[in-house]
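Questions regarding the structure given below will be posed in turn.
Each chain carries a letter (A, B, C, D and E) given by its place in the written order, and its residues are counted from 1.
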Amino acid sequence: MLPFLKIMLRNLVLGPSTDPFPFAPAKTHENFRGCAVHDPEKCILCGICRHVCAAGAIQIRASQDGSGMQYSLWHNSCVFCGMCAHYCPTGALTMSNNWHLAHTGAEMFSNCISNLIHFGECAQCGAKIQPRPQAIIDTLGVRSPDRFLLCPKCKRQSIGRNVAQPRSIHRQENL
Amino acid sequence: MLQLLCKLASRSPWIYRINAGSCNGCDVEMATTALIPRYDVERLGCKYCGSPRHADVVLISGPLTLRVRDKVLRVYNEIPHPKVTVAVGVCPVSGGCFRDGYTVGADIDHYIPLDVIVPGCPPRPQAIMEGILKAVEVWRARLEESVCCHS
Amino acid sequence: MSSTTYTLPIGPLHVALEEPMYFDIQVEGETVRSVELAAGHVHRGMEALAMQRNYFQNVTLVERVCSLCSNSHPATYCMAVENLSGLIVPERAMYLRVIADEVKRIASHLFNVGIMAHLTGFDSLFMHAMEVREIMQDAKEGVYGNRMNLGQCIIGGCRRDIDDSTAPFLLGQLELLKPQLDELYGVFERDPLIRTRTQGIGLLSFEEAKRHAVVGPVARASGVAYDLRRKAPYAAYADLDFKVQTDTKGDVHSRALLRLREAVQSVKIVEQCLRQLPGGPINTREVPVIPPGEAVARSEAPRGEVFYYLRSDGTDTPQRLKWRVPTYMNWEALQVMLASCQVADIALIVNSIDPCISCTER
Amino acid sequence: MTEILTDSLQAVFAILIFPGGLFVLALGLFLKGVDRKVLARLQRRVGPPLYQPVLDLIKLATKETLIPNTANEGAFRLAPVLGLTGMLVTAALMPIGGVWSGVSGLGDLLVLLYLLPIPAMGLMLAGGSSSSPYGALGFSREMCMMFAYEMPLIASFLAVAVRVGGSDGTGGSLLSLPAIMDYQFQHGPLLFDPVMLPAALALILFIPGTMGHGLFDIPEAESEVLEGPLLEYSGPLLAVFHLMSAVKLVVVLELGVALLCPNPLVATGGGGVLVNLLWHICKCLVLLMVSVTCFRAATGRLRLDQGFSFFVKYTSPLALVSLGLAFLLR
Amino acid sequence: MNEIAKKSIELAVSKVLGTGSLSWTSDVNGNCFGWVTLCAPESLLSIAPLLAECGARLMTATAYRNDKFGRMELDGHEIAYHFDLEGVVVTVSVCLPDTPPRVPSITPWFKNADWNEREFAELYGIVLEGHPNPRRLFLDKGLDAAILNRLVPLSTMMNGASTTTLWEKVYAGKQLPEWAKGGSN
């Protein structure tokens, strides 16, 4: 007659199913998408994160002394979608499983990642280029490590030389 | 003595929820936090109330759309002092995804002071609980202040 | 107007309503005489926003249209983009999308029937239903990383794979869920209070359902057997075995039961998908080129048909992105359902169409 | 002269300290706490601490009182005070088996019948004066439900009266609570009297009806009329309403105990009073569990018309059956 | 089922526009999408009853400007009406050459066109002819009608506004090290 009575009695017997949080730490799955973490050591300032961010939470602007770029990610604008981490080519941006983000209103604007990323130097002419940290050279720059470290101008020259050389060899073979 | 009173009083935070045009993710999570056994905020003395006049802690979600603004402000003013505001999700703070929409006047802070912010989209219930606990601290400080001023 | 009628404003900030909506109800005693709906409180101008954001940003943006069907939106949007650009999604991604869709459907339906119990004041049952829903919430959090917005779909496939660690976890959650779901169905079917409160109210006949072109569980409970997963299969639904649930009574009670039956079917679908999951990549690594043109995509969200229309002018932002959600269609039919009901039933009837205001108003 | 003085002193003591006043307030808050805790357990929750209702009251006392512009301020302030005072007076009349036999001459069921609806009237006054449509709707619902649950109450009073009066033949003390208690001390509790069983059931259903719980949570339905009459109240005035409902809870439970099973555990005298008092509280707790906590955990609310017809169709006939039987067996 | 639905749609369209005016595409799952363009809004009045007759269901109507940003002096609006018949989708695009654009209402045949029409009317300032209840739907009275017509000025104005102010506050709120002060994006 009252099908719910059974559940009610079972509830009484089983006891509370309440999570001990906040008196004990809560269980967090490792897959949980918490706040984004930025590793300045891996960032190459490609800007894809800013491009895919629907919430405008990422800003990149030149630092005052001109030695690099200021990378900012404001957690109070971030919608925790993880698109930036998904598209980040170097793994500089990752989603941690940290969700302890509650803060008071006074800290509203300081709840922000702010990292200085130094420009790289062109291995040939010394011009400022996108940063080239070692970790990235090892992954993205394996195909042609030399060229990876050049400014666009030197890179063009280098490609020009490279293209020119095999062609001449090729022609010789043809002859 | 008064401090003890404030301490006791702050163990009964009643919650009221305002939806200022949110995508209802935060609202569902607030309902989950406030009402289900798994999180059971009642053991912290919280009660979910239907009238703004009974509330102490206000949870706000959503980016405050133009059409809902006046109504939200009216309801907010109906909440008796001392009260604390918790922004659930990032929308009330910055508009989140919806910033720059033509009906979204970001900067809820301009109309309603946000005392505690729980970022997330939506934040998980435990995070909302953390926010409520923080809000209770703010509230206690405010209570002590007002009680001491009176005496 | 006689002196005995008076206006009862419900909303926009009303506890019974999950979201701000506004009714002006002319009441005579406890009986509703006329209902005037005012909308627009959650209108965030999202279609205009979508035209200002690029195709990648829009995936996240449309996910925030509504959090209860937050997988259907990006999935359908991505389908529209893929239809336009001719991008072929890997087969594994198709299955992963179905899994995400169905997991969301179970959670959404359980939420709706839970709220129904809440509105009848049956809080113990509400809490029980929500506890059952928590099983699915845990699954979402463990597999996808968030309890509401999964962030699973991207243009060209999916983001998170279901691998050897998450597949058993998901299956385990489903095993937990199944007996609970059956028991819950029994309670909702037989509990005298639920039956007294919900049977025979909010009636929508087959003809009215056709005339108002209602969709989803509301239509199916009135006998309109229209389910896009069968009528116009997308993703991997063509290969999956499930039954489209229908009913003929068209009242609040039958809609709730129908949702629970659909949840049971969804469990089966997810299990099938996990069994049949083909290998291969989960997304196309290439960045799509979106040519000028127009495309349409549809999918069956928990509340019914979601429709996306995309028009591109060749730039990296859409020329027009328009979507139509199920509640948009079902909303007008409320006028029929609410006709001369009791004040106490208003919230129940409104809830029975599983209204999603944030979806409707965008 | 001194007699009158002692009598009135006794009455003041009864209203302010025991068994009304402080005692009943404390007991009411305790019962509310127990109710919330057990309800939580039935829903698989931990629940608030037992003293949570006290914390709530302290909190409400620190809040500011807002009075809506459109409200009638006098009536708005008067409503909760009226309800609470009425209930405190009523509580003073309630006899406790083996401890307190009620204020002599006042312990009439008829007096109770007039006093019991006072909280409902307070609520109606509150709903009416707050000038909100929900308040008005709450007002009319409260009124409707009052008519519904008064019926079985009167019928079961009569049934008890006829049963008691029929046995000892002194028709004059039919409706007197002390007499009803005396009858039960001699003949055993009415609860175990098969003739009175239907009426007992009706009384048990009357309690959630008048408290507005479970099936009958109609006037204050949160999801329909927000909190009905209480919608506009805040701060200390709301606290008074909470106190009122706590006292009312004790009063209806004590009434139930007095009518159904007031028998003391041990003979009066010495430490017996304390034992009997605890025994009385235990009985109140049992009645609370049955007719309030479990009832509200296992049910939702009916629609107003359904709630009304529930009392008319089921509860009143139950009481009438007892009345009829008692009349026949006189 | 699909073929029957396609046939009846083709029949209905050809009655008004003649054969060959309907083109078909399909997606990877073999679902069919038909596309029709009407050059005069009045034709809608003849095609709508026919579609209603064969049991089609209006899914929604999308209005848009031919030129999203109004940069190319390309005037004019279009409305795409999306119909469904047993899983087959037909999109009927209607060009609105007039200024202000006007379109006949199809609510008499499709009950659910009501909201759709009111919505595009308020968003794009399209004049509805013969609509039973042409009130505002979603937009606040404080906003001008036809807001999406003025997307460009609005977006440049508002886009800048709130994002920049907020970011200025972020930059100001953070205790910035020397290197980060000043500078521009």
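Note that in this section a residue touches a chain if its C-beta (ideal position, glycine included) is under 8 Å from a C-beta of that chain, and two chains touch if they have at least 3 such contacts.
Just so it is clear, the structure is predicted and the values come from calculations on it, not from any experiment.
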Strictly by the touch rule at the top, which chains does subunit A share as contacts with subunit C?
B, D, E
Name the chain pair with more contacting C-beta pairs, choosing from A-D and C-D.
C-D
How many angstrom between the C-alpha centroids of subunit E and subunit B?
38
Based only on mean CA positions, could you tell me how far subunit A sits from subunit B in angstrom?
32
Touching two or more other chains, which residues of subunit B qualify?
37-38, 40, 43, 50, 65, 67, 94-97, 99-100, 102-103, 121, 124
Interface hub residues of subunit A, defined as touching at least two other chains
2, 4, 8, 11, 16-18, 32, 54-56, 74, 77, 79-81, 108
Please list all residues of subunit D that touch 2 or more other chains.
40, 42-47, 222-223, 226, 297-298
Touching subunit B in the complex: which residues of subunit D?
36, 40, 43-49, 52, 54-56, 58-59, 61-66, 222-223, 226-227, 230-235, 238
Subunit D residues touching subunit C in their complex are 42-45, 133-134, 136-137, 140, 214-215, 217-218, 221-226, 297-306
Show me the residue ranges of subunit E that touch subunit A in the complex, using the header's touch definition.
163, 166-167, 169-185
Residues of subunit A touching subunit E in the complex:
56, 59-65, 67-68, 70, 72, 74, 77, 108-110, 112, 114, 116
For the complex, which residues does subunit B have touching subunit D?
5-6, 8-14, 37, 40, 42-43, 45, 47, 49-51, 53-54, 56, 78, 80-82, 143, 146-147
